[in-house]
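Listed next: structures, encoded as structure tokens.
After this come two complexes, each holding subunit A, first together with subunit B and then together with subunit C.
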Partner chain A sequence: MAINKQHAIDPDKCTACTICITACPVTAATRKFRGPKMTGPALTRLRKLVSDDDPMLDYCSNCKTCDLVCPSGVPISTLNMMAKNEYYKTHPRKSKADDMLAHSEKMGKLITALPLGSTFANLGVSIGKAFNMMGAMGITKDAKMPSYASESFISKFKKIKQTSYPRKVVFFSGCYINYNQPEVGVDLVKVYQKNKIEVAIDENFVCCGSPMVSGGYIDDARVNAAKNTAILKAWVDKGYDIVTACTSCGLMLKQEYQELFDFAGMSEYAAHMYDSIEYLAKLNDEGSFNTDFTPINKKYIYHAPCHLKVQAIGRPSMELLPLIPGIKIEEADAGCCGISGSYGFKADKHEIAMKVGSKLFARIKDSGADLGVSECGTCRLQMENGSGVEAIHPLTVLRRAYGL
Partner chain B sequence: MKKSDVLIIGNGISGLFAACIAADRGKKVQILSYGAGTLTIGGGIIDVLGYTDEGRPVTDPVQAMGQVNPTHPYAKVGSDTAKKALNTFLKITNEEGFPYIGSPNKNKWIPTAIGNFKPSCLVPRTMDSDVVFKTSNILVIGFDTMKDFYANMVTKNLKKRLDSDKSIKEFTVTLNFEYGKDLRDISAMDVARWLETEQGHVSFVEQVKPHIKKDTVIILPPVLGLDPNYKVLDSLEKDLSCSLVEVSSLPPAVTGTRLTKMLNSYAKKRGVQVIEKAHVVGAKVVNGKCKSVITEGFDRQREFYADQFILATGGIYGGGIIAKIGALTEPIFNIAIDVPKVQTEWSHKQLFADKKQIFAQYGVSVDENLIPLTAEGKQVASNVKVVGRSLAGYDFCYEKSGNGVALITAYKAAAAFCGEA
Partner chain C sequence: MLKTTVVVIGGGATGVGILRDLSMRGIKAILVERDDLGYWTSSRFHGLLHSGGRYAVKDKEAAKECIQENTILRRIGHHCVEATESIFVRTPEDSEEFEQEWVKSCKECGISAIPLPMDKAFELEPNLSHKILSAYRCPGAAIDGFRLLWQTVASADKYGGKTMTYTEVTGIETVNGTVSGVKIRDKWTGREDKIACDFVISAAGSFAGQVAHMAGLTVNVKPSKGTLIAFNHRICNRVIHRLHKSSDADIFVPHGSITILGTSSIDSAPDDTSTETAEVTAMMEIGKLTFEHIYDYRILRVFAGTRPLYSADPNAKGRSASRGFVALDHAHDGIKHFMSVCGGKFTTYRLMAEKVCDMVCEQLGVNEKCHTADENLVEDPSPELMGRAKAVFPSYGAELAASRLGNRKLEHVIERIESKPEMRELVCECENVTLAEIEEIAAEPTSHTVSDLRRRTRLGMGTCQGTFCAYRSVGAVDKEEMPWAKDTVYLFKEFLETRWKGIRPVLWGNMLRDIELTRAIYDAALNLSGVEEIK
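Up next, the complex of A and B:
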């Protein structure tokens, strides 16, 4: 029995049970949000009849906790995103920052292409904060913004000499790894090589579109989805599996594309898509995961990103990292961090984001852990910002344990 | 790690409790869950058996199990195991710092959101209703602008039910929440969040205190904190010098959320893994034994292996049973449930009939070991057990036995898989 994916966008599957309201982190943090049930399935039914006028939609962070807890499989957050995109067709934007935050790739490309671009950009962020230019744009002055790397991942990748192996994957690095934390991409290549996997990249990949959909730029996301779908399908046809090391990219490419768009080949390549750690956990299940670790005598606290939880793959990091001798690792299990990609950077959402994340921050601090661990780049940033404890990708932990 | 000793499908109260029992006995347990489980929005209390088939109130639920119909899940479990199950639940609540009160051998009468009383067995201390019957002054507290709780209706109905010599009054606490078109309606959860803050606590005490006489009990909606502990209750009882009793209430009920959090916390401490959003679409049964179950999402199918399987997917509402015109099926093992082809024969003409509803009793038939049976009476798979709302033979709504059947059958299944009778 297969799930009819096209049929997934059906508000009438909602029985109004209110489970999503009990779980929604934004609902808990502010009464300015009507809650997932109301803005999602309930109002979607009305939107079929009357024109939409619901500014509250802007408060949905697209964290997908509602989808996670819904027993009826209603794609509540996606209903919200579709409605939000409709809303902005006829309503002005609250903030000038929306465009920039939704098109982070544009910024990354621009900055890393310029000589010393990252230095000036990072400087620019601090000067901008000092003169409250960010505030004027609608970006909070209180959040720690992502900084830009001096060299992109794609550029670094080209300098890595790999051993060829029969098992091959194509790595969709995504904007955050490519422009902000290229080291995580390098970690992936090193760790995969240690596990006899050859990693390919494709310079034609574009931003997955996740920030565009959340920001209300679904038409731009559609253009990117068309490009990425064709490329991904072609790699799968060549016998490659696809891996991502950002859980939002992964979710977008394999699920949200299917919910939102209708391009040929999406379900075919989705069958071969894996989170980078999930892929290694698969090797572990098959008995071929390399556990040639040197001990790490440190204490870690792991935070599962919302966009990982909703992928139905469990906690692959909590399967693999405990295999490292000496490691102490526990799961935070303290809900959403609040950042939701770009949500927490917006001036009118920052306070909500910090309130959502407050349980996680307290949990990290109380744990006395040396380091935080999470698959999501902006979750890591928010964890550091809220708790003062550095956070790294699980691939980084594995690379260190391999002594690479 | 797609192989476990015991694989549980469903994370409602029966799935979580079965996981706790098996994990306590050293088994490697995984839960496949799709959605949060209707437990989250339920009343968070353990009804075991409130009324007999004839509608007579039950005093001792465990003893009354001896008289149930042979098709009832309790008839397959037996009262000794039932008692063990309920005592184990009490032990868990104790360990988690959110002890429930009550005894498997005695029903309590707890107030409802409309001011009636219903029988229940094990309840959190926030619903310790005995005091309502002993105290001479009852103060029903509502909150202005809060939905789904009407203090005046509760007061009116309580006056009908209780001795006329009691003083029953109502008082509405002003929340002073920002209110308007651009803000969400106020639910019990919002009020619970407010009472957890210092400001909310002080405001509540200041407003209510003048209305407390000697020998007063407060009845209020379930708003005494979102987490499984008694911090809010204890501090309010101390500052007001009286008892507070929450009513059982409508979704989203914070009482169910507390119970969910508690059971999850206990299970996770014992290494139970929960795979969320895992939609189980089928099972592989070879030579009369289940080898694995299959999940399917937006990407691909995945196979999860185990030695033993517990089916805790719930009823029609929770998605564990699928109803179509003239047919009812359990979708994972594809068990056809024997129902009349003519849909009108599924129910009594009066929805609120004073007897059990026919449709409510439909579910998966099992043998005395809770192993599912086909319509022809053959075992579906010898290493599968069915627990909770998926089971046939009872109407939890009529007899008030919902969470009781869930806990007791879950205990029996998990303990049997761990080698206990």
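Up next, the complex of A and C:
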């Protein structure tokens, strides 16, 4: 379930206790970032007074660990994102990468609309890397970039024949699942059907705006928020619950919209929003979760994404996956992976991102696990990139356990 | 024994204004101040540079003086003035007749008062109460009292004016009914000395009666205490006045990173800077009419100062130089070359100084005219210097440090950081004060406590009210070349107790949570509990 976390966006609640600095993964990795307390509440007071250069702002990855640990409920990272947006109204961008990475939906649409577009795009990324074109764009040549699928999730979804059930959800797939990993969306539909849930989608949904906010394009995100809010509210009014399988989309839709914008209906639909695994855990609590599993004799290591942690919904994957017979699964509990959506793809941030994730990478390698598990698409990419161990969504694990 | 022409007693706005004026006219002068510059009335005020609008109806002369001086200070003191403008708002509680009279009066006084449509007013100041009925833009502004004083002294210094802080006047000497000198004592060393002089001007504000008493005279100053509430951030970006007959708690001033609401008016003793919870709650109730969500804003602290209101003694023979202030020539009371300056207001400090100095010059036979309105207090930093500053200061630090420090010290601080990059570390995160700046000010001969550093840099004046900068700043000054910083326990207690004084009356909500953190750090971790006695 969603927590209604409407904040007053002002710096008043910060008592300067400094716990956010001790928890910030970026501060720990680089001296270039003075930490959330300084860039968030402290400088918000001064920003009303002086205009000046603030290169530190760019180093906040919006992982939101600071918000999670703050005992005063200050929306620290949101203060940073709002300041970043203001900053870029009067300052030039460091690179072209910001625009591209913030508007992932535009890229996805462009590439998948072309015949064989994804093939060329994926090829292009490797060719681009070889000629250091990505470097010129401000994108690191060292990270494994997301690849594009040949068929979008929405297209695949339309071919799935579902059984109709009284329990219905609308699935907000988000850009990553729609354009990069549509099979995760298919996994969701299969697993939900197995649990007697009918899944609807809505082709009018647009990108949640999370990468836009992190990239300092809040005005673009506002346009998307207005569209999505109206659609989500209408589905909830029809009796549907909402699920996401990307923790950044989920956090954005149910919490960050309320911090950043003020559209009617936000808190009403947010009360019916769930992460896809959280929703299944709710079924489990109700005694209606299907545990008709075939054994999986594998060792997994689970990494909780920062954007899941900050939703304050516990670790639903660590409640459900251990129910699979034979499975060995442990939680990595090694902090942020460092990628933070698009942060780690930027040339000037890649090294920081890898340093942030180093504890997790070592933990995965040391665990001897066959596979990594995480709800977040870019976390999975970073886990693979940093440890060499393949990582999958918990829905994929469940689908395999159902033998589907 | 020191020797000069004029001794000025009192390092508030009036005193420093007189020192600068005399110095610029080529008259040798020494200013003596018992505490730090601006310790009393000149820091314990709103930080408001009046447009004159507040006085337009009841005192046109004062209103005209305000707008004239406002215009001058915006120019010569632009590093101390934040030219925000002000908005006068009429709430449903305020009379429409007064509004009409006020508009007419502003016009007569030459104060621009431009009607502001309410939708535009709410757009400019979104926190204003939506019950407000009308609004006008006036040229009010915010002014930093500490900064103005130090910059005025720096300007006087260029012309030979000398300033001695923490120097108490213990006696006024006369020969044949004419002033011949003053006896002084250094507050820190206890050393006594004399300054021989031809003229003494007492600009001791609320203490003017006590100073005059040393010469056996009576000056009837009636101090009136005003309490002010500092909020944690800028509730408004312009000064907000209530459009009614001037009253308590009807002005909000955005001051640096904070907002100040004031004030009350209570008869008191000259050194009464106490504040009570009841005063705060009474002011909040009135403030609510201007900002209806006032209880949602966090109070940072409260503070109080006294207005040195002059009450004319029926037997006094002094002459009034302005309705706002009086300059009493004690020749009428039997002591020549001794003058007391009372009353007035911060905004008109330069004009008051000019009028007093005209009178002094006449008696000393000096024909030089006043130049204080012609020259800026400090020069602007060059683009080269600002470029160097921006390269070394942390985010949002360069502009703030430049206006706090002035050119010469700014350059020193930049040099400190350039040679030792770790000097750019922040000692005070709330107000963005670097270690280099603390070291620079701490090395000044006028620095004796962390509170002295605070008045020069704004250290400790932000959200945490000294929690984190107290141990950092004491650590920063506890070194061989800082002889005043040997007793670190005293430094801690002096600084923390002054912070605590302003927090005690408002211990609720986040302030309470904040102070528990402070207590945990200083009491539990550092074993610094309370204070027995502060010098």
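By our rule, the second predicted complex is superposed on the first by the 395 of 404 C-alpha atoms of A that agree within 3 Å, B and C clash if a C-alpha of one lies under 4 Å from a C-alpha of the other, contacts with A are read in each partner's own complex, and residues count from 1 in each chain.
Keep this in mind: contacts are C-beta pairs under 8 Å (C-beta built on N, C-alpha and C of every residue); 3 or more make two chains touch, one makes a residue touch a chain.
This one's a predicted model, so the numbers in the text were calculated from it and none came from an experiment.
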{"item": "First (subunit B), second (subunit C), both or neither touched by A:Asp54", "value": "second"}
{"item": "Which of subunit B and subunit C A:Lys161 touches, first, second, both or neither", "value": "neither"}
{"item": "Residue contacts on subunit A - larger count, subunit B or subunit C", "value": "B"}
{"item": "Contacts of A:Asp12 with subunit B and subunit C, given as first, second, both or neither", "value": "second"}
{"item": "Subunit B versus subunit C as contact partner of A:Arg34, first or second or both or neither", "value": "both"}
{"item": "Which of subunit B and subunit C A:Thr22 touches, first, second, both or neither", "value": "first"}
{"item": "Touched partner set for A:Ser72, first subunit B, second subunit C, both or neither", "value": "both"}
{"item": "Intersection of the subunit A residues that touch subunit B with those that touch subunit C", "value": "15, 17-18, 34, 38, 55-56, 72"}
{"item": "Complex interface listing, subunit A residues touching subunit C", "value": "8, 10-18, 34, 37-39, 41-50, 52-57, 72"}
{"item": "Interfacial residue positions of subunit A with respect to subunit B in the complex", "value": "1-3, 5, 15, 17-19, 21-23, 27-28, 31-35, 38, 55-56, 67-73, 254-255, 258-259, 267, 270-273, 281, 284-285, 309-315, 319, 331, 333"}
{"item": "Subunit C to subunit A touching residues, read off their complex", "value": "82, 232-234, 237, 254, 256-258, 296-298, 390, 394-400, 426, 429-432, 462-464, 467-468, 510, 513-514, 517"}
{"item": "Subunit B - residues contacting subunit A, complex", "value": "1-2, 34-38, 40-41, 177-178, 182-184, 186-187, 189-190, 193, 251-252, 256-257, 268, 273-279, 281-282, 295-300, 302, 314, 317-319, 331"}
